[in-house]
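Heads up, there are several structures right after this.
In what comes next, subunit A is part of two complexes: it sits with subunit B in the first one and with subunit C in the second one.
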Partner chain A sequence: MTLRVFVLLVLSIVALADTASAAVSEYSIQLKDHLFYPSTIKIPAGKKVKLVIQNLDDTPEEFDSFSLNREKVLFPKQTSFIYIGPLKPGVYDFFGEYNPNTARGKVVVLKQTKGATHVN
Partner chain B sequence: MLINSVVLLLSDALPIFILISLLWVHLSFNRIWLPVSLIVGLGLTVLLVGKLNSLGNWLEGTGVELILFSIQVINYFLALYLTYQFIHKQTDKKLLIFSASIMLILTIANKGTNFVVYFSGYFGELGALQSMLVGLFLGLGICLSLMILLYFVLTWLDTKITSLISIICIPIYSIGQLTNSLPLLVQVDLINGSETIWDTQNILSDQSELGQLFNVLFGYQATPSFNQFVLYISTLLILLLMMGRANLATFKQGRIP
Partner chain C sequence: MKIIYHAAAIFLLMGIVVSKSWADGIPVDKVYHPNILANERKLEWRLVSRQNDDGNLLAQRIAYGQAISDNLIIEGYIVGERDELGDFGLQAYELEARWMLSEQGELWADWGALLEIEKQHTKNTFELTTGLLFEKEYTHTSLTINALLVYEWGNSIKNEMETEVRLKYRYRYTPAFQPAIEIYTGEDFVGIGPAFMGLHRYQGQKQLNWEMAFIAGLNGDAKDHTLRFAIEYEF
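What follows is the complex of A and B.
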């Protein structure tokens, strides 16, 4: 019985796997002197997007967001990516966990399509 | 930098200290496994941090997320095994110690990497080392206090009510950790995201002290996604089924002369 439930669980996770990787818009962010450029990203509601983050500093940083439920270490002089969305219209803050006073930014989700859902 | 070091240490080290407390309640008969696991865990963390950048480039940039999620899956099954053995009152103590040690080592490697990356990246900056060390000791002090408090609460519950409470805390903890790590797969597009099923930020925020403690203890999330909810319920169901089976086995064993 336990095995059956486990198999069902694995199948459910597999079913969630993104097989149809539709074209996803990319948004670039740079981290320089512990500041995000641009600090405001505007994305459409109801769409999955890819944030490409380039850490130009000599120190590591961690991209963190409670509202987006994202956490990613950004190594010095490296480029990383994070997928977010589809999201409901609104403002979603993000920050650098190692320099939370300076490295701050927000994702502004603009209303564009109907039936958008808040995702994390 | 001082406050930031404390906050970082609390968020990363608290799950390790809570796990030590949960395991020590049942495995205090052996004094060796804990220091050995701590040393091996720290060694593995340093090793992992050294390779983290190259691991991150694995599988089109999904390597780190896959490794961290896999650690939580392994820990969940180790927690199930420990729970079964504690209920079934198994006497194979070596295997119990081994399972608990692996669980702790993997947790240290998982949670410790973030702080080691921070510490190694910034300790060279002017005046940072002193603040970081003070923050480190303050954070460790808070974590140790919570660990000891939880240990005494659980041992008190063991003697006054039932040992089942302290036993079930181990898999509940690992279910929470596993559920928390699911967004890692979403952020690298390995699985699709799903909509948030409730929002209790106004009642108990994820960022509050209590919210963070509940998050570590049983995986509290103010805005969980549908995926996380399904995973939490499914893994909880597996635990309940396994506990029922363990109870049945113990009952049958008790009836055989």
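What follows is the complex of A and C.
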């Protein structure tokens, strides 16, 4: 009993203490005519970033990426946010579930070099 | 700050592994993720079969769920169970709400909350479950923990508070196949075993998710195995 309550307490405390980190770089993407612009996003390795996606179409889209482990509905004429990372260097594909043949893109995670501030 | 979080996570895992909790019935069930997809609608079927020294217990659930906002999903269940005497029948009704408390990836971990109320079919016996849902990604793996408080009351049972912890450590190998390890603790029960899950996408938001786990009880019984299977159609 004591240990079980302890587990729940620890989780609760960590949940309450878990606040967003200060500065997260933002990367803007537009969805227009079922195409992502830009379709390639370059981000630094080991950093959390925020994708700001504006759906300019009249229809909803669903951002999906198994490698990024993200799934999010992009409502029409609205802006959505997706947090990704920290990631290892590599290429991470994403697509729109409603238009998988056209709405495609990739996040390229680059190894950070000394002095580099923004890779996109 | 990160060190504190990591230390807390380690203590939490240690607590789960060494502690015992109380919860009646079959403690093996689904490990809930904290994330919710807007517009999500789903039909679900779950089966849990437990074989131990007392015989076989079988439970099946049919459910319909619908996201009613970006961060809240409501699901209704009909529960059927077969008891030790071999009688299978309607056992209970259940209503469940799941909240996504943080945007996925925004914080150090993803957080959610669960609230469930269950009523026995023929008795005035109720069960209220509430708790925290936790998920942390480590590259291609995800650690998911459900820490739950259960309160039971009614005419035919003694009112009591119980606890339950479920844990899943999943390797996101491919969408169709994701192996995992699951740990469950319930009343006089600690179980561990392999799990497998995957999904198949159809057009648009439609997809079929499946999960299967084989949990061995570590309670000292000569035989205590639980097989769980779940299939979910999202549309």
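Methods note: the second predicted complex is superposed on the first by the 96 of 120 C-alpha atoms of A that agree within 3 Å, B and C clash if a C-alpha of one lies under 4 Å from a C-alpha of the other, contacts with A are read in each partner's own complex, and residues count from 1 in each chain.
Here is the rule we go by: contacts are C-beta pairs under 8 Å (C-beta built on N, C-alpha and C of every residue); 3 or more make two chains touch, one makes a residue touch a chain.
These numbers were taken from a predicted model, which means no experiment stands behind them.
Engineer: After superposition on the shared chain, which partner residues are touched by A:Tyr83: those of subunit B (first), subunit C (second), both, or neither?
Structural biologist: In the superposition, A:Tyr83 touches subunit B and subunit C alike.
Engineer: Could you tell me if A:Thr59 is touching subunit B, subunit C, both of them or neither one (first, second, both, neither)?
Structural biologist: After superposition on chain A, A:Thr59 lies in contact with subunit B alone.
Engineer: According to the stated criteria, A:Arg70 is in contact with first (subunit B), second (subunit C), both, or neither; which is it?
Structural biologist: A:Arg70 sits against subunit B and subunit C alike.
Engineer: Identify the overlap between the subunit B-contacting and the subunit C-contacting residues of subunit A.
Structural biologist: Dual-contact residues (subunit A): 1, 5-6, 8, 12-13, 17-18, 48, 60, 62, 66, 69-73, 75, 81-85, 97-98.
Engineer: Name, in rising order, each residue of subunit C that touches subunit A in their complex.
Structural biologist: Counting only subunit C, the residues touching subunit A are 1, 4-5, 8-9, 11-12, 15-16, 18-22, 35, 37-39, 70, 101-109, 111, 131-132, 134, 137, 139, 142, 145, 147, 149, 163, 165, 172, 174-175, 185, 201, 204-205.
Engineer: Where on subunit A does subunit C make contact in their complex?
Structural biologist: Spelled out, the residues of subunit A in touch with subunit C are 1, 3-8, 10-15, 17-20, 48, 60, 62, 66, 69-73, 75, 81-85, 87-88, 97-98.
Engineer: Please output the residues of subunit A touching subunit B within their complex, sorted ascending.
Structural biologist: 1-2, 5-6, 8-9, 12-13, 16-18, 21, 24, 48, 50, 59-60, 62, 66-67, 69-73, 75-76, 78, 80-86, 97-100, 117-120
Engineer: Under the stated contact criterion, what part of subunit B meets subunit A in this complex?
Structural biologist: Subunit B residues touching subunit A: 4, 8, 52-53, 56, 61, 64, 113-114, 117-118, 121-122, 125, 183-184, 186-196, 206-207, 223-225, 227, 230-231, 234-235, 237-238, 241-242, 245.
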